[in-house]
């Protein structure tokens, strides 16, 4: 497999006149998993949408070489007029795979995500919250994308399911060499799954720090994960980003947003 | 009998020659010794006609004779007073040489209103001279005389069967700019009245329209007689003063042009008869209609009570 | 599967039940009609019994069906043309702001233009055959369908559009799997309105410009003051309309909208 | 606040811009008309210039405005009645399945019934004055509005209904804060269609049953084969219609729907 | 404050023919906080909706003595046509509180939840996921309900915000004596906030065990919370419920669902 690299350089984004992303630069190589963490409203979803090609950024440079991508949004966004099964198979239908085959593959994957055959015949409004988000996740995984974008994929799930799905995701990533960018609020989840963690700060959204996780995935046991998360939580920039030491950011400790005018190089 | 004058009389009529005298009566206050107040109401389609007869709003109603018989046979309390229109059907043609219906063989003819009186008369007369209208003509039925005129003027057809005053309207229009560029000349062709006389071996006239009296008013013989006399005078006045009459009519009925009304008056058959006098001719006419479209006269010949007669003061049959 | 069966069963039952309701309501209407008929007498308003008798006579004389078929054919052609063109143009206008800005005033013009404005032209172009009523129906129904389709397209949730983008739905599938199901709820009332309008308009157009069809027959009965004949024709038209709506459109609608939540959910 | 100001500014600008587009499209239409007029000659189809001249004459003679006002009054009364009754009944039918089952066939009857079926009754009830055209307009517009309102009410998301329940919204507030905003997107196209229909129908009704108003004037010009006069009246009606739509309904619609997402979001 | 008690006795619920709640009994007294935990799809949200009066249970007994209740749903369910501010103030508007007052109170509360004045002028689709769920939470808190129903209130939030909102919620509960039933997937959250934790199991949804948390809230520090959570996770019934020891439930260890026919007493 050739080494592709997704690259974001000095990217800015505005909604109307409000700047929500300020001088974002990052890169992810194929097969890697990048976790985006940061407080609510700091622009994580916006960045993901830009990478997915759903939004056009105001300024800066984006290089997105992966061809097949799939995105799981923050809300499930299921098509209300399709059953869970047809929702999962949507991407395969778009690729003109026969009805029988795509249903078989959808049923198999859905089973791994803990969805029964009965659940699959239901329309979205008849599913529980967690089921809806699993259907959305299955929809994204089923197309075996080169680049997988996940916006808080596990936040609506219980511990048991989470642990199972962590394994499923890792297996999937390793089998297909998928590149993953995931947003999460759970540091332990990021530590468990990511090769690198990007900490963002709000107003305007920018990158505070990057924490590479060198430990090979095979060696990450619960103990290491807990320890590393606690260590991470001690990091001043993390405490600052999440405002863990009280209200208000101490601006002197924190990397400042870039003032910009005109087009960035 | 209640004394004259009564309070108010409402006269109703269509946009046709039969209304001329009614309008003159209103405009010249010719009913002053019969009613304190008079008013003319136009009816222009069968729905209005039905509504008028049933709402009791009209006292005297001008209508085609077959419509009058139809209403009578369907239970409307009315009586026919007179027949004032005796010849209004004409063929209009682009070709000046056509003299009888037989000359139109193989041609396309526009006819307003399928299964209405002009159509029936036309078909009847055609068959009388051995023509099968469905085979020998191309009949083009339109919904209104206006549409037939349109077809004629825009050269979609070359011949049309029209009734006055549409005939005069069409001829007037085609002689005036800008219509004449497209339709340089139209001709008053076959006079269907003449054909009727020739083929039925009677007078060259058809009892086509007259005045009826509606409801309670019919019981007031004195009033009806006085009205009939006034109408006859007004009718004669219109014939004698065609242009003045045209102006009066066009002022009331905006659909009509004064010149066309005057033209129509000049070309009409100046016969006039009370209902009883016209009865035999009427019945012959109704027989023709009955044979072809029974519904157009209400399914049967109207009985005795339909014809107003001043000598007998009958009760109106309900 | 069993679930699915039960679901269809209950849907069918509820449909039949609603059929009874509809019939009850029609019978109520007939009762009111009977009363009014008694009051006004048969020249103005013959009662339902007399009208039905007349209808029977028309049927026995073999007049009813041929004329009804002629009108039905015209209504159907005009309606189908309007549905196709209206839905297509409406969706176009819903997709593109420019198309919408350009097309809307024209549609308003069409909508508000009294038929006499172009009846002459239509008679010139099409003569006195089928084409004039078909064209009249087309013109009358087009704006109704257009408005529905445009609004439906415009109101599709951007979130679902993003899903279609991300999963690379090809244009046709985007149409059938995303837009049309959403559109349905806007387009169906418009179609039902258009259906009713088409019957009404074809009758009026024939009344004005044709020598056959129900409208022409109506013109004759009207000129002959044969009120029960007129009403018999009207009843025939309405029966045909109700049959089309309840036997054709409504089942389609129920099928297409079966994903909607029921009342108490 | 500043934000809000910018937002309204851009909304107004885009509205004006769309106005230009509409005018451009109307001019295109006029060009086509001119061409057709040249081809057919002025007896069949007078061009726009001649028609406008005729319109000017009508205006100078003081004929235009009074007749237009009479027709406008009738159209407006009929329309308002239909909007009120149609929206009310439609919402009722949307709320209650029973009401819907009972009312729908009647509405279909109304929709499909050719005016001749009840014109006589209307004339008997209402005489030859305003009431008959008003009633005709009412009958013609009612089903259109009804269908929109019913479908709008039916399609409100059950989730939002639950919110209204839980927060104990009183009936009126439920209507104004929950149902009407959602309904708007269904009801506005219906209203615009009804507006156009009302003008068309009032003209046709006056043509058949009245001695004043635009329809009666049209009948005169038509009887006198004065084609440019006919078209002048039609143009006057259409101008009034366009003015109502673009100066009244469209701004209301934009205001009510300002919460909708813009295209590229 | 009088002691009211919410009581659920032998409650069953079916969607169609599928049983989702089996023999549920629980009680909560005023001022208490009950946490519902359990795997995805076990019927937690269904139970909450039944308590909120949005669903009618099939069988059993429910006694809900609290008058003012508010519910935060699993998805934000904001009215898309209202700004964040108006959404928050919805409940107060329903209580006929003046515009000025309800806006002031909404702005104040929203500030405590980390929403700025700018955010409050946005429409829901312009808010980030976490902001939407905070708006929904604020909407529920603002009416100061006697009974507060929360369906995964914090799942879309980052650690910093979560910690702040925990405090806010506790303060609110203590000040107003609010009774709370909350659903959560996070055991630590339950341990931190609840007076009692109810563990549910799926298919059909039933109660496995109840764990009372005797420790006074004031004494619950991070250490205690972590320890208690870990202890709870060791409980066999908890491991069973969340299927933490592998796939498939060992049915012998687990309380069996109640077979029922006819009406429960």
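For reference, chains read A, B, C, D and E in written order, and residue numbers begin at 1 within each chain.
One rule holds in what follows: a contact is a pair of C-beta atoms (placed from the backbone, for glycine too) under 8 Å apart; a residue touches a chain by one contact, two chains touch by 3 or more.
Labels paired with UniProt names: A, E = NitT/TauT family transport system ATP-binding protein; C, D = NitT/TauT family transport system permease protein.
All figures in this text were calculated on a predicted structure; none of them were measured in a lab.
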Item to complete: Skim through the chains and flag the pair connected by the most C-beta pairs in contact.
Response: C-D
Worksheet item: Residue numbers at the chain C-chain D interface: does the shared fraction exceed half, giving same, or fall under half, giving different?
Response: same
Discussion item. Report the chain whose CA-based centre is farthest from the CA-based centre of chain E.
Written reply: B
Worksheet, complete the sentence: Expressed in whole Å, how far the mean CA point of chain C lies from that of chain D is 19
Discussion item. Rounded to a whole Å, what is the gap between the Cα centroids of chain B and chain C?
Written reply: 40
Worksheet item: In angstrom, rounded to a whole number, how far apart do the mean CA points of chain C and chain E lie?
Response: 49
Practice prompt. Going through chain B residue by residue, note those that touch at least 2 other chains and give them in order.
Written response: 45, 47, 50-51, 54, 150, 154
Worksheet item: Multi-chain contacts in chain C: which residues touch at least two other chains?
Response: 3, 40, 44, 120, 124, 158, 207, 222, 227, 261, 265
Worksheet item: Considering chain E alone, which of its residues make contact with at least two other chains?
Response: 18, 75, 118, 125
Worksheet item: chain C touches which residues of chain B in the complex?
Response: 45-47, 49-51, 53-54, 67, 70-71, 74-76, 113-116, 139-144, 147, 150-151, 154, 156, 293, 295-296, 298
Worksheet item: Okay, in this complex, where on chain E does chain A touch?
Response: 15, 18, 37-41, 45, 74-75, 114, 118-119, 126, 128-131, 134, 151-152, 155-163, 185, 187, 233, 241-244, 247
Worksheet item: Any idea which chain E residues touch chain D in the complex?
Response: 49, 52-54, 69-71, 73, 75, 77, 79-82, 90-91, 93-95, 118, 121, 123, 125, 139, 143
Worksheet item: Considering the complex alone, what residue numbers of chain B touch chain D?
Response: 15, 41-42, 44-45, 47-48, 50-51, 54-55, 146, 149-150, 153-154, 169, 173, 178-179, 181-182, 254-257
Practice prompt. Using the touch rule from the top, collect the residues of chain C that touch chain B in their complex.
Written response: 40-44, 120, 123-124, 127-128, 207-211, 216, 219-227, 229
